[in-house]
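Shared chain: subunit A. Partners: subunit B in the first complex, subunit C in the second.
For the complex of A and B:
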């Protein structure tokens, strides 16, 4: 108990003596583990490469500048593909995420012990695998190209969107739902009037946020052959065409900045 | 018109919120349900339209036993019971008009309601009701732009557009200032009179209840302790409902109000 009786006066401390000792021991263990790990990493590092790093970096920098500007004529189509992969993938993901979110939310699921765990499993499993790995799998299944990229992005995003959406559904104001139910509305009408208006801002926010993330993710999908600007990046890296690589990075940066700007605008408009 | 027979509600936690309540509400009667917090007032009115499932007992609306109905039959009966809530329970992000029209959801199919294609007669009625409560100019405003009193008026319109036979009113004035509280209570009671509606009004404010209703039910620990005219609420009666307290001030205030009126 933090309150002690000391010669008739009530003394209050944040922690009891035992608690502060425990706290101190925890800190000691934490610091010791950190120091040990530091030592291990340092022992297994080839320091020659690290000391060498500034020279190499400088070397690549001089090779990569200036970017090969005329190469931009070949980048229009790939960056357009990348944007399409992100946008279509996000739309597909949202279409699948909405029903899953309703099945996963405690207050809307038709069955807590069968359907809800299945929905949660879908959410966890799609979220736990990186989109690059999905792309590798899908290229094996449906062949290389933009389509594999779209599906990879879509699958990877289902879990993310469904999770945030079902949390929003669980946080709605139940009295509004009660009021709509009391009018004699059907189950679907209750959903359309009592729940949907309440989660619409969250839904729009999630959609743009995920689209924004997906633009970044889709730029690398080409590295494994799933279409988009990553394909150019990987072939330029393979032939050590550093001026092309730097231009591609600039184009990706521009695309991300634009998507950031768009999603900020959209979010501002909703809230 | 409404008859409760041995209505019992026991929550999963074991709390018995209603202990075999019997109650008979004739057509067109407005009654107030008073009692301390936790006496089961909210549970009682939610058991009538089965927002809360009663454990046992029967609720008769006319000749229909609501407790035995299937979900779809219950929905048809719910149309005859308008409900008004303490925190208004409007759908905040919809417009006033949409909120009022949502009272017609029991009559309109899913796609018509989803696409907001309500029959013109419903829209006419919505405008008539909004005009009656003095909010016709607000039809296009979003519900969260309104003040408390205005929101409760919209809530009243939503209940009335159902064309109900009975109003279930849960603490209509608990979030409102004293003046607005009276206006809202007066409005509810006037509308009940105009349309010949019966109403059960949960209310904490005993003085306010005495001003407006024809009959008072006192609930304590899930059982009816008092059933009679508002004038019958003597200090002794209030003590049996709420427990020991100086009740003279509460009752005197009513006399003053009546003198003013």
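For the complex of A and C:
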């Protein structure tokens, strides 16, 4: 225990001298890095606009309230599109994520040194790129519209679903698999009766969880032209129709809260 | 016994996932009906998709031959700006979210403070980064400051919620022992609570750093600074090789961060 002698009195300390010096140096480096970052941000900021911000915020607030309620009649179709993008995207992603998860899990992969790294690479690369970027890319390739949104959400979700699913597969109870194997079942029968029943609850949970996230993401996909309510948001922003913007934001907020509530209920029922 | 006799001689069948037959069929039918309705309302221009396949092929080929050189200045500047935004917003976000997390833990904070902190978390979690970024760009003007504020705001919701849950599930005994020794409130937090939640705080912070970097890549789309603006321009000009280079850099940095966070989390836990 680090104890310091202070004029004959023994004082307890949390760290030894070396440890506290090390801590001090780490804090110094951290603060220096932060100061540098802040200086860079501050250098590329027009401070005049920032000092003016409260007035602008107040101005936008007065323009945006009250929301233009009658505009809601035109939002039915975009909301339906948004729902479709999220749901169909999730389904497509799950269809692709299941085989990848089985290839990536240590206990089911056919080869640890060739197939598993490829599956992990797919998982990481689809996960690390945001759905908006995928949408941007797909719009350049297959043109703007709901379809690009569906594919963008699907690709983005593969990595997420496959990662959680392969972790669930790696955590299964091996004795059940062995019991099925001992009955003389083939490789596929072992999968169907030994592994799948064990991961089914996890699978359902992941599907609903990802669907919830996808609802959030699909509301903004329209900003780059991939369909859904984001299209209305972006066109309202472009013509500075702030009352419409505030209504759309309220609708998006409601959609997000409802989808979160649904997903929490369903997950509560499954698990 | 009669049940067993009835079952003997019949082949075993897999029990269904949903027990009640009518519910099972209603779910299947509803799902199929939804799929048909969704399929009918989505307009897909297959001719356009077919045309695009050629461009898709070009893009995939561009990944094999990314062009880091011709726009290296823009890529470098954008990346540095993204990283700076990520670091600064993570630091500020973490510093602000620690007191909010303490306030949002029911076993530490009184009810009024708890409710205020929980509502801050709820607001921050309900608004997506990109929408917050649009509003902040409108208010503060273009540039990394808007992105920095957006990411800090998003970090607060994420980190405070998870940290508050960890504080709520901490071991009471240790905290009480510190209290029994006559510690003041600050000392109680510092020596009774903080050591218990520190590993989780470090793990979550690094995870959030990772998320912030990924998010900072898209904030440029709405003018909030970072690599997103460069990426958007590259797509608009059909410079697929430059876009592929940017995406590869993002993937590599995210992979490196994930690897690093794995090591650090293993060491602190």
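The criterion applied here is as follows: the second predicted complex is superposed on the first by the 224 of 271 C-alpha atoms of A that agree within 3 Å, B and C clash if a C-alpha of one lies under 4 Å from a C-alpha of the other, contacts with A are read in each partner's own complex, and residues count from 1 in each chain.
Note that contacts are C-beta pairs under 8 Å (C-beta built on N, C-alpha and C of every residue); 3 or more make two chains touch, one makes a residue touch a chain.
All figures in this text were calculated on a predicted structure; none of them were measured in a lab.
When both complexes are overlaid on chain A, the residue A:136 reaches subunit C alone and has no touch with subunit B. Contacts of A:178 after superposition: subunit B is touched, whereas subunit C is not reached. By the touch criterion defined above, A:115 reaches neither subunit B nor subunit C. Judged by the touch definition given at the top, the superposed model places A:262 against neither subunit B nor subunit C.
Set against each other, subunit B and subunit C differ in how many residues of subunit A they touch, and the higher count belongs to C.
Once chain A of one complex is fitted onto chain A of the other, the partner contacts of A:189 are limited to subunit B, with no touch recorded for subunit C. Using the contact criterion defined above for the overlaid structures, shared-chain residue A:60 touches subunit C, although it does not reach subunit B.
Contacts of A:98 after superposition: neither subunit B nor subunit C is touched. With both structures placed on the common chain, the touch criterion links A:200 to subunit B and to subunit C. Overlap of the subunit B and subunit C interfaces on subunit A comprises residues 193, 200.
Within the complex formed with subunit C, the residues of subunit A that make contact are 14, 30, 33-34, 37-38, 40-42, 44-46, 49-50, 53, 56-57, 60, 80-81, 84, 87-88, 124-125, 127-130, 132-133, 136-137, 140-143, 145-147, 150, 193, 200, 216-217, 219-220, 223-224, 237, 249, 252-253, 256-257.
Of all residues in subunit B, only 49, 51, 75-79, 81-83, 85, 87, 89-94, 102-107, 110, 113-114, 155, 158, 162, 168 touch subunit A in the complex they form.
By the touch criterion given at the top, residues 173, 175-176, 178-186, 188-189, 192-194, 197-198, 200-201 of subunit A touch subunit B in their complex.
By the touch criterion stated above, subunit C contacts subunit A in their complex at residues 14, 17, 34, 38, 41-45, 48-49, 52-53, 55-56, 59, 80-81, 84-85, 87-88, 91, 126-128, 130-131, 134-135, 138-141, 143-145, 148, 191, 214-215, 217-218, 221-222, 225, 228, 231-232, 235, 238, 243, 247, 250-251, 254-255, 258.
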